[in-house]
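My questions all concern the structure below.
Labels run A, B and C following the written order; every chain starts at residue 1.
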Amino acid sequence: MVQRVWALSLVTCKEGIRDRSLYGIFLFALFVLGLNVAVAGFFMRDLGKVTVDMNLAALSFAGLLLVFFIGINLMAKDIDKKTIHLVLSKPFSRGEYIWGKYFGLLLVVLFAQVIVLLFSCATVACVHAMYPGYFTSFSWPVFFIAAFFIYLQQALLCAIVVFFSSITSTSFITLIFSMASYIVGISLEEVVFYLRTQAATEEVVASATLHHTLEVVTWLVPNFAAFDFKIEAAHGLALEWSRLWTSCGYGVLYICILLVLASLIFKRREFN
Amino acid sequence: MTEIILNSLSKSYKPSLFKKRVQAVDGLSLKVSSGSVYGLVGPNGAGKSTTIRMLLNLIRPDRGEVTINDQLVSSGEFLHDVGYLPENPYLYDHLTLRELLQFAGRACGLSTEIVSRRTQELTEQTGIAHALSRRLRTFSKGMRQRAGLCFALLHDPNLVILDEPMSGLDPLGRKMVCELILDLKQQGKTIFFCSHILSDTERLCDQIAILHQGRKVREFSADDLSAFRAGERCLEDEFVAAVGQSNVTDEIQREVD
Amino acid sequence: MMPQRGKGLWLVVVLLLPFYAYLHMGSWTQRAELRQAPTTSFLVPSQFSRVLACGYKGLLADFQFLRVLTFYGDRSANQQPLSTQDWDYFRDSIDVLTDLDPYFYDPYVLTEGLLTWDAGRFEDANTLLAKGARYRRNDWRLPYFIGFNNFFFLKDYAAGAEHIMAASRLPDSPSYLPTLAARLAYYGGKSQTAVLFLKQMLAENSDERLAKRLQLRLSALERAALIEAALQRFRHEKQRDVENVKELVTAGYVQQLPEDPYGGQWRILPNGRVFSTSKFVQGKKE
């Protein structure tokens, strides 16, 4: 079983990497990093923070573009062009197909993230060399931890993409739902805590239904803020291991549940 | 020893929300004995591809069942021994031919040596050995068809299912496929294929069924086929007659209803 | 036929270019004028910008900070003084962006540099700096700034001393802080204390804008301190107060009266402190 899943992952990964669209994403990342070097001088003191902000934003956004466009394409193309008939004619179970495609997506994203991260490190080193006095609070370990969690965030997004792809074959619908999940996941924490503080001070009267709905949403949609260590990386703040392990576990578990659900849904699907 | 039994297979689907349900396959029963070549012919939209998809468990029939070697197809175990070539195969564009066949091999659990040996054999037999390191997106339609054949046959399956294997091939290509099918038959494999091209079907098959609007309207046994090959009867005429008759029957049925 | 059509299209492009150039320049001129007008920019309140940032709060804070810098730069490049509205916008912008990233140090420096000296909004500055102090717990400079504001602008020497003491307890704080706190608590508003404060600020500072202000104030205060010292000696020896500042020169306690760098005239206050008609603010002349 592992061999089959790995075979499909490898094939998916190669398809993704050899897609010319990847170059566009790299160009974008390069552009942001170049901007970083150019713009650093505008700021007064906290250049380390600004550099980290821009680098992690490039890493994160490149990953987003990758997952939303190339990732969804990799899933939808199989069904559109009926390549899935060929794959499923080999002894793949539906579940193995889902996991194989998912790991393939992960590999593509990993490849792209590693390359952007390398450029990122070069940029940080460059700006550091240009303005040595202003990097007082920068910390490489925290920077890499933040980069890892950005990757985990992308992995979660890939799982969401695979999940929605298993339900619908239209790539546009998958895109809309995945983007919506991302936006909800990112803003969830802010909205929930804002309403809680407002409820405490009784400034905004929010109905009980709204609170219950939000409660349900927090269970269904992952809280992406748990994987956001950008501010900590920007200021070199210390991180507790308990927090890291909890976020990691939360992410991995959510991915597993989502993929199992996707497998179940996929088992019921018919391919005309 | 692979035999297929289709038992009263039926499948309908709705083309869109507001259109009427279309019966793609209606009460189809047939038996493919092991080691024989079975041909399914019919006009466009007869339900040939739908039947093949039900054979492969890609879609589930509304009624009836498919048994391969006394095992229900819905269990999914049979795929280890099946090779499938769809009509107009679309393969992963950015892979090279070699990578595609390596994928096929790994998916079936073959070792690397067997995979490279079979790759060499098959690509030489189908005439695309020179293109092993080329990306599939550079392949012409004929080459893609041959690549699909290699993909289907890599793990030396005992049951080979082909959907319009001759489509898009030039005469040389068609000759290559015919020779391949006869070669496979000699090895004792069971072959099930559907085609438009009556002449090739006549030459290769042990049994032929004519499908029209989802129903089997005629079945020709081995004796019938020897007669066709001897020139005593003409398959084309009997095909047209069978389909035409079926059309008439349908009209009368509609009038009566 | 084809090459001719091709040439026709190139001609079209060439003809369109001057129109584009004209409209391009017009558009940019319009925008420049618009930016000089009283602040009409809408500021997205913190709660919403936190959500809208979509996980890029730090970056958005950086961007907002650049906007504030440009806003102030625009005004000072055009020699426009900032109105109350402008300062409100400035303060609110810094408030929003420090809500997005409260650890961001630069806005606090800008606040301390501009909101106090230029705008005179000492309480606003202290509120913002207090937010920073809550998050940047190991940064001695923020309570130091608050202490400075209390001492220098708000004349609340007790609060000033408290904050300076708090700063002195934080890592890497300069060694003179406890002494300074003690002085503040005891001597209150003497010019010599302020001189010490300012000298330190200058040593820590790297922003040119702030440096110029600090330097100017420092020289004014040093001169005031000189005069104050001479005054004290005079009172001690002559057992009476001077009539006016010039008496110090004639009596020989000061060789030459230093000039007020702000362009005002020295005045002696009833409590013995030396002040100036310029009130140590640039541009005011009596």
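Quick note on the criterion: contacts are C-beta pairs under 8 Å (C-beta built on N, C-alpha and C of every residue); 3 or more make two chains touch, one makes a residue touch a chain.
What you are looking at is a predicted structure, and each value in this text was computed from that prediction instead of being measured.
If each chain is drawn as a node and touching chains are joined, the picture is a simple open line. Put simply, the chain nearest the middle, going by average C-alpha positions, is A. Averaged C-alpha coordinates give centres for chain A and chain C that are 41 Å from one another.
If each chain is reduced to the centroid of its CA atoms, chain A and chain B end up 42 Å from each other. In whole angstrom, the spacing between the mean C-alpha positions of chain B and chain C is 82.
The set of chain A residues that touch two or more partner chains is empty.
Chain C meets chain A in the complex at residues 47, 50-51, 54-59, 61-62, 65-66, 69, 101, 103-106, 109-110, 206-207. Across the interface of their complex, chain A is touched by residues 13, 50, 53, 56, 58-60, 76-77, 79-80, 82-84, 86, 89-95, 99-100, 102-104, 106-109, 135, 148, 151-152 of chain B. Taken together, the chain A residues at the contact with chain B in this complex read 3-4, 6-8, 10-11, 14-15, 18-19, 81-83, 85-93, 270-272.
Chain A makes touch with chain C in their complex at residues 42-46, 49-50, 52-54, 56-57, 60, 183, 186-187, 190-191, 194, 224-225, 228, 230-231, 234-235, 237.
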